[in-house]
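Here the structure is laid out as structure tokens; the discussion comes afterwards.
Letters A, B and C name the chains as they come in the text, with residue numbers starting at 1 for each one.
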Amino acid sequence: MHSQIVDFLNKNVPGCNPVINAPVAVVGDQSITVAAVNILEVCRALRSSPEFAFNVLQVITGTDYPDRIELSYILASYSKNLELILKTNLPRGDKNNLSKINSVVSVWSAANFQERETYDMIGVDFVGHPDFRRILCPYDWDGHPLRKDYVVQEKYLDMVVNPPAKNNTDDQMFGKRLKEELGDPKRVSASWKDNTAGADAAEAKDGE
Amino acid sequence: MSTHNENADKIILGDQEVLKSELLTLNMGPQHPATHGVLRVEIKTDSEIVVDAIPHLGYLHRCFEKHAENLDYRGVIPFVDRMDYLAAMSMEWGYALTVEKMLGTEVPKRAEYVRVLVAELQRIASHLVFFGTYGIDLGAFTVFLYCFEDREEILRLFEELSGARMLYNYIWIGGVWNDINDSQLNRVKAFCDRFEGELHKYHTLVGENKIFIGRTANVGIISEKMAFDFGATGPILRASGVKWDLRKNRPYSIYDKFDFDIPVGVGEKGTVGDCWDRYHVRVLEMFESIKIIRQVLDGIEEGPVMGKVPKIIKVPAGEIYMRTECPRGELGYHLISDGGKTPYRLKVKSSCFTHVSILPAIAPGLMIADMVASIGSIDIVLGEVDR
Amino acid sequence: METIHLKKHIEPELTFTKWFKNVYDAVKTTMIGMGITFKYVWARDVVTIEYPEVREELPANSRSRLYNDAENCISCLQCAVSCPVDCIYIAAVKRPTDAAKIKTKDGTPIRLDLKQYTIDTALCCYCGLCTTVCPTECLTHTTDYEFASYTLASMKYDYLAPDIRAWRTRIVKS
């Protein structure tokens, strides 16, 4: 099915460079990667094509990789019983300069909420979206949570996010204190993984 | 959906111009009995007629997908439960199937049967909550109590199986936690026999009532074209007249063994795709579930309920998208793995999230009271909308 | 000049006879419904459990309050590793080699002295993953469900403290 779609796209949307991504292992799904600038034409062609008829947009999702953001458009055809993962790569961009891509709301109305969620969570600017706002986070939230380098903002509307009083430091630090008291850290094993203090606590957790 | 201009000079309803007054903004929710959770719908009305409805989501947002990136594959299951807390079994099953397909795990036959059994019982339990609360939305209180009594019986069985009433953590990767015993199977059988008659009664009490029909027929119509456009799935798509059910059209697990029908909306009391059709499709689905449960009870095999799964689960690198049919629609898990102990990215396609986006499209032109009927008939669970 | 077009709610045409038929239907179907509910007045047993007076017994494998039998714990940290919300805090010290050998109930030698075993029940999600990995089955869910408390600090259960024994003996009758 995927090679037919690639042929179809080559014929109908010149310049979109469709490439089949074979699954890395023997398991999993195949997908097709297209050029980001052509996404609207590709979606429109796939929707209106009589042989595939992808009449439903299931979901738009993004994945944050160190060097790029990969958007996945998962399409389904209910008349032909097909399913397709359509992918496109974007530069990561930064907070003030999100990478842009054309919105596909004109093709499927379902894209409205999905694109808003992708913007909210991953941080991609969808050009031509009729109602472009955050959707799950508050409208004045800072940052995009599903990026791998996301750090929670310290203050939100004068409220401290994660106040130290709510942290159970007493119990978390018990193992560390014990190590200091005994003076022989190798004899102590503690469960709490201390992200700030470095590797030795983490090792104890992994080493069981 | 772009909103209408507040300063428009004229409002035309159908083909009649209505007397335009200043638009009134009304907040429905976040705490409103008819929104079934914390959904805020900002409604702009011209006297009693809704001009715009803008849903504001995120009051229950926990960013489960971020959590999942830091948890091992077994530890994700309790979080998955908390998405659609009224149908936690179905949520778990979808996740377990996704990971099993990537791992290539073979699930024992008995476990497959038990999974189908609990998932169908869960479907009944979930639809019973819809049935009861939809009655309350429209002013029929009695049926709510009846429905919850029947649901209680299912929950009690689940409690004996898994130890919890709502958030089960019962379906594990590779099988199910505990085996079901014969006396429990007999209880399910007795429940099916009793419940079938009860459900007929409930439907006569609510669904056939002229007042109920008056409130729901011809209200909030979702046409087939609109349903596809907005990506509606599950009972809403079927109520719009599309004969589509993943259990039949793309069978997963052992659903190809069972014989059941796909109920579709036919516009019996009004137009195809109205609130009454959505209600009726769910009622008919409960009957189909009973049919499947009876076949499970006949066909269940002896054997183990847990397959061979490594102690530390490492999913091979790659990606997968797996859809399952849940009580509220299709649930899809998009899992991207880099071969490590935790998922690299786990995206959930939630059907309720998609269904909320239909609301702004069907609301304009309705009365405020019809909004309640429409939101209720879409049957959203905010835990799944916000995730 | 801007205009808002709204779809009209479909209403079947109402004639004089239809109006009467609607009234008749409404009365009739409501009477049928009332008949169904009326039967429930006597034909059904009371299903409500009047809670503080009648306490329901939960099934044996019900997942309620956690209990760790600290004497049988070998401090393997498996429960803490499997916990999805990281609410179990354990610290243990290696036993000196010349100390007396001790064993758990099922014969597993204890090589570590347990110094801290605390579960923050306020964070616990009662998923049951910790109890399934426990090799000596010392960490179990009890069927005790009445443990609401007023402060967050009292939700922290230190299973090495002596007062924990008290509620264990209260709920386990045998």
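Rule of thumb we're sticking to: contacts are C-beta pairs under 8 Å (C-beta built on N, C-alpha and C of every residue); 3 or more make two chains touch, one makes a residue touch a chain.
Keep in mind that what you see is a predicted model, and the values were worked out from it rather than measured.
Undergrad: Need the most distant chain from chain A, centre defined as the mean of C-alpha atoms.
TA: If we average the C-alpha coordinates per chain, C ends up farthest from chain A.
Undergrad: Taking every chain's C-alpha mean, which one sits closest to the mean of all protein C-alpha atoms?
TA: That would be B.
Undergrad: Counting in whole Å, what is the centre-to-centre distance of chain A and chain C, each centre being its mean C-alpha position?
TA: 32
Undergrad: Measuring from the mean C-alpha position of chain A to the mean C-alpha position of chain B, what distance in angstrom results?
TA: Computed value for the inter-centroid distance: 24 Å.
Undergrad: Per the contact definition, I'd like the list of chain A residues that touch chain C in the complex.
TA: Contacts found on chain A: 168, 171-172, 174-175, 178, 182, 186-193, 204-205, 208.
Undergrad: Considering the complex alone, what residue numbers of chain C touch chain A?
TA: Per the touch definition, chain C meets chain A at residues 75-78, 80-81, 86, 88-94, 112, 115-116, 118, 120, 156.
Undergrad: In their shared complex, at which residues does chain B touch chain A?
TA: Touch residues, chain B against chain A: 1-3, 57-58, 61, 63, 65-66, 101-104, 228-231, 242, 244, 249-250, 316-321, 323, 330, 332, 334, 336, 344-345, 347, 349, 353-354, 356-357, 361, 386-387.
Undergrad: Please name which positions on chain A make contact with chain B in the complex.
TA: 23-25, 27-29, 31, 55-59, 61, 63-64, 72, 74, 78, 81, 83, 85, 108-110, 112-113, 117, 121, 130-131, 134-138, 145-146, 150
Undergrad: Which chain B residues qualify as touching chain C in the complex?
TA: Touching chain C: residues 4-5, 7-16, 49, 51, 71-72, 74-79, 81, 142, 146, 149, 152, 159-160, 162-164, 167, 169, 177-178, 201, 204-206, 208-211, 214, 218-219, 221, 270-271, 364-367, 370 of chain B.
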